[in-house]
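Got a structure for you, questions after.
Labels run A, B, C and D following the written order; every chain starts at residue 1.
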Amino acid sequence: MKNTFGQSVSATLFGESHGKAIGIVLDGVCPGISVDEEFIKSQLSKRRPNGSTDTKRKEMDEYEILSGVFEGKTTGTPLTIVIPNKDTKSGDYQRSIARPSHADYTAYEKYHGYEDYRGGGHFSGRITAALVAGGAIAIKALEGLGIKIGTHILTCAGVSDRVFCDISADIDLLSTLSFPVLTDCKDEMIKEIEKASQDKDSVGGILQSAIYGMPAGVGEPWFDSVESILSHALFSIGGVKGVEFGAGFEFANMRGSQANDPFEIIDGKVITKTNNNGGINGGITNSMPIIINIAVKPTPSIAKEQNSVDLTKMENTKLEIKGRHDPCIVRRASVVVDSVLALAVCDMLALRYGTDVFLKGLNK
Amino acid sequence: MKNTFGQSVSATLFGESHGKAIGIVLDGVCPGISVDEEFIKSQLSKRRPNGSTDTKRKEMDEYEILSGVFEGKTTGTPLTIVIPNKDTKSGDYQRSIARPSHADYTAYEKYHGYEDYRGGGHFSGRITAALVAGGAIAIKALEGLGIKIGTHILTCAGVSDRVFCDISADIDLLSTLSFPVLTDCKDEMIKEIEKASQDKDSVGGILQSAIYGMPAGVGEPWFDSVESILSHALFSIGGVKGVEFGAGFEFANMRGSQANDPFEIIDGKVITKTNNNGGINGGITNSMPIIINIAVKPTPSIAKEQNSVDLTKMENTKLEIKGRHDPCIVRRASVVVDSVLALAVCDMLALRYGTDVFLKGLNK
Amino acid sequence: MKNTFGQSVSATLFGESHGKAIGIVLDGVCPGISVDEEFIKSQLSKRRPNGSTDTKRKEMDEYEILSGVFEGKTTGTPLTIVIPNKDTKSGDYQRSIARPSHADYTAYEKYHGYEDYRGGGHFSGRITAALVAGGAIAIKALEGLGIKIGTHILTCAGVSDRVFCDISADIDLLSTLSFPVLTDCKDEMIKEIEKASQDKDSVGGILQSAIYGMPAGVGEPWFDSVESILSHALFSIGGVKGVEFGAGFEFANMRGSQANDPFEIIDGKVITKTNNNGGINGGITNSMPIIINIAVKPTPSIAKEQNSVDLTKMENTKLEIKGRHDPCIVRRASVVVDSVLALAVCDMLALRYGTDVFLKGLNK
Amino acid sequence: MKNTFGQSVSATLFGESHGKAIGIVLDGVCPGISVDEEFIKSQLSKRRPNGSTDTKRKEMDEYEILSGVFEGKTTGTPLTIVIPNKDTKSGDYQRSIARPSHADYTAYEKYHGYEDYRGGGHFSGRITAALVAGGAIAIKALEGLGIKIGTHILTCAGVSDRVFCDISADIDLLSTLSFPVLTDCKDEMIKEIEKASQDKDSVGGILQSAIYGMPAGVGEPWFDSVESILSHALFSIGGVKGVEFGAGFEFANMRGSQANDPFEIIDGKVITKTNNNGGINGGITNSMPIIINIAVKPTPSIAKEQNSVDLTKMENTKLEIKGRHDPCIVRRASVVVDSVLALAVCDMLALRYGTDVFLKGLNK
């Protein structure tokens, strides 16, 4: 379905970096959910460039809810959020020279040159502002069911944070932070990112996400496994190039006896003593926290001169990207990750428990 | 869509490990594709347990094509393949004790105890035989368009193969091998797997796949990015816990100037000098090979005693899995990986070029 | 999705008239539903040709459940039913001459001559046996929620039945009949059909269906209106050429004051005094019975000589259809109509109330 | 998918009658299609109330294209059109009294009272303005392939137009008319509608549509038959209660020898001498015009006093609808019908011929 994700709760994304507006339509939203505009603003604010590690483009993201909300609550009919573009400098972009690791060339092949090339057009990270606004609705809906989502920077520019530990508390902590790390590595990380920036370069990193409070029994065997759905959502985000659940690639170095998570009954509830499977067995939730690591590549836009091609002249050329770009998008991506995870989880819950689940609660 | 994958070309999977049969329905298949039964058999044979590193269950996988093939060619209407189960020993399974890292507990929560628990039921790796049979049709259809898919064991039980190098030749080589490694590490790898087996244990590994010959411009921005679609397909396979494209998690340690793949025109064709993005920019193919690493966890069924719970008595207990199990499924998984990748690629091509693309060729 | 219908509960149809078998895969079925094999047989028996008004082809429809049922109950994983073809006389069919009003020519255009042309191949009414088998599971699941579906022949060969009256009782009556009419018009109707048969001709008719016991609030505004979903399902059946809800085309002759159904509260429940809207307002159920009329065209296969074309020689020709054909498919279609309606209603309920609705009941 | 229709080319609809705006997102649109803004305006103008037979609410439908168009042509990425609401008089609506034959009661049941009840909210005919704007893009795209769509009022208020005759010429004629009838019955029809209006009442009617120029071989057997897809789209429109193809319900009175459409080769092309099947055999186009009749019920909003219920007090009551309403929506619905048919046809063509079909032409 191209720009639509989800089966029962779905999100449709639209807009271009330098067009009139970007936006999102959420459909299948449970009626009666309070829309917390302060939270939407706060999430948009977290996604916004806000310091030395980010682009200098300033967008205030003054969104407008066009439909689907009435008297402060969701109606159940499509909820549309539009965010006008304001601070656009199209002069910074040249049509014909493909920026390496960007979508310029592939868009040109796909859309035969009719694409809006300015600032990456529909492929721009700018579009994620709409995802974040829509995701904020989803995050709040999940909170009502006791389900929490949080993401921190596990590693970036050679500096590492600790892994999730007391997950519920860690997520609570992250919700208060604009730079999401669980230890005091923030300053060092920023310093290393700034170094890359001074070198006209950029850096990537790894995000770690947790989903806490999921009931057991959600998901499907095979094609709609929880891993399939969540990875589908995560790889939608530009720059994400790797996704692993639980021990992930580390499983390659483990034996079954180490890797398996033994079941145990505690307080009448089945839990696992370890959580190498990241809360998912056979594609279905087991009620343990879902743990995901997400690789984010370095921002492709760098100030250093690069080799490239001129697509209209079909000749090799050099490229120096001027414009305003983030030396590192990992921090900003963390908010987007929370957003798409929340949308995907809402969809899985609505499929299992029905469209009114957020009004009626999990009827396990 | 639960057990159905794909939009234009779709696969629907059914069956249980100890039921009457397993099978697959392929829909949207282009008419007029030759059905190469020798190739289907050869793929099934590669997936079958065939040595010391695999389960002792012997299934001959004598499939039957029930529909969709007429006079040796696909008709365009649903193509159904059924594989009867023969060598089933249901006595080996106990209903109530959940095997760690298996789907027993999550299936119990999802299906409220009505699931066919024998041998993992619908969650069993046995079902992948149907995927492989269906995938064989897809692989052959792609070959007709000059698109090749291959997968090798990058690392397993502490032994490593080399990465893909001359990709077209490497895929050709792999197509001839029953134990898919590109170097002479086979014996050592098998030895290490056998060691784990002797220790009543199991091992995991990493598979590396390549898709060669893709035209540029296939895929979608955002939700149906090539990474989204392929990871969705790959995480359908039980045991897969990580997927990365191109440099993947290694991007976290790179700077943009190293990570970006510079464009260059060679012989009038746009290529990239490096391929850290694994053939995909902005979710869309750039005509370079698609490179994927896939983490496979150790087989959960191990002979060692494990802690677990009895779901009906709701009490802690010990579990010793008898049955017949693979100490390592990585080799067998490689054929399944090729199959789901082929099905996903067929779908993406049919969406872009139309349902007759395999008859008419890529009309770029 | 071509041969798959439904979003949460889906049906995938496969097979050809003269192939090895036909079948259906039901996915998203609620676990724990008793599978009533006598009822499946009885429904198949009702669909089978059984007298002077039907084809002479004899198929016993000995179905086999390949998956998804364990210890007599649905498991929740894909439920596959296969019905082998036995009484096939392929010699009766010529490849190249397109039978008027059949799919021969359109299939030839769509599948470029690769289609299995024998007996209409995948387009044959034979395939509806699989729909009926699958529909029987759905009908029983709905019964558990107090929802009943019934269809009678409203008019056929110039003979008319009365419209639905006491709908619950009428449906109960229909469930006991092999020739579904509510008055004693059966003999006259059969006589008129036989007349057409003697004239080497065929007749069409109108079926009337009712769905009783639906809760209010099911369906969607706009694209997934109950009318959209049910008509989508009904027009899947070959020969159906018209669908109307409630007063349908008669609305054209009514004024709003006659057409509107006034609301009234009776016993604390909102009902409508009339039911011109056929149980659906704004695309959503209002708890009144859903009433549908369905036009079925005369069987295209007639023994009379007809003008046609030879598709391979591309020349005009005459055609005399030998084979074994029904002079009227209206009676047999009634069982198919019940089946697709049941499948569609199950899907709508699962989407609204969740996948376990048939186990847990309507939690309105 | 609730408010999204289509698989390869899709439309997502949003907005409420008295909310900020209504709109549509078209996805999967072929790049490079010229966007004819005069045509969009002209279609919106045809849909607008414009005389004695229509509501007095005046909306200028000043739409804005937010995304998906660049330099006057479609980009291939989501095309969003928003139409702000201006002339809203919410005071006319009472929350608790359900208007008969409207969605007020069913929406209340579905959304538990959280729906925006003003003016029918998301169920309002107002939303069709967005469908018409989106449909205009689709109609123009089809024109580029030589495919034309037209709809006229076959009967309304007891006055009848002739049926389609020379279809291509008839469609051309209709494109020039604001009151779409093929004969000079306009004045009489309007007079009869006005009579109903003076009686504080409303009337329904039948629309007849034709799709001209379809290639043979489009559509699917069974669930995605052309009839299934088109009826699904048509029943999305509020007030549509019946859909028939070709002879439709008239088939019930025909014998096969009359009903069958004999094939004939004329100028090397297969045609049918009659077109009782309305251009569709076995669910697939045969290149003859697709002919559809569509029943539209009388406008539910009438000025006459009606019986109804107060949903919050749960008591019987009387209702006099004040507001501004159409005594007949049949004329205005004709533009909406053309729009949804065009969207559905674009989707079917893109599925068969690929997403670039409108740029590259039908490569039959």
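Operating definition for what follows: a residue touches a chain if its C-beta (ideal position, glycine included) is under 8 Å from a C-beta of that chain, and two chains touch if they have at least 3 such contacts.
Please read these numbers as outputs of a predicted model, since none were measured by experiment.
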item	value
Turning angle required so that chain A lies on chain D, C-alpha fit (0 to 180°, nearest 5)	180
Farthest-lying chain, centroid of Cα atoms versus that of chain B	D
Interchain centroid distance [CA atoms averaged], chain B/chain C, Å	38
Euclidean distance of C-alpha centroids - chain A vs chain B, Å	26
Centre distance in Å when chain B and chain D are each reduced to the mean of their C-alpha atoms	45
Of all residues in chain A, the ones touching two or more other chains	1-4, 7, 13, 77, 110, 122, 221, 356
Residue ranges of chain B in contact with chain C within the complex	1-4, 7, 10, 12-16, 19-23, 25, 27-28, 31-32, 64-68, 70, 73-80, 82, 110-112, 114-116, 121-122, 356, 359
Chain A partner contacts - residues on chain B that touch it in the complex	1-5, 7, 11, 13, 98, 100-107, 109-110, 120, 122-123, 127, 155-156, 158, 196, 199, 201-206, 215-225, 227-229, 231-233, 235-236, 238, 240-265, 268, 270, 272-273, 276-278, 280-287, 293, 295-302, 304, 306-309, 311, 314-316
Sites on chain A touched by chain C in the complex	7-8, 77, 221, 351-357, 360, 363
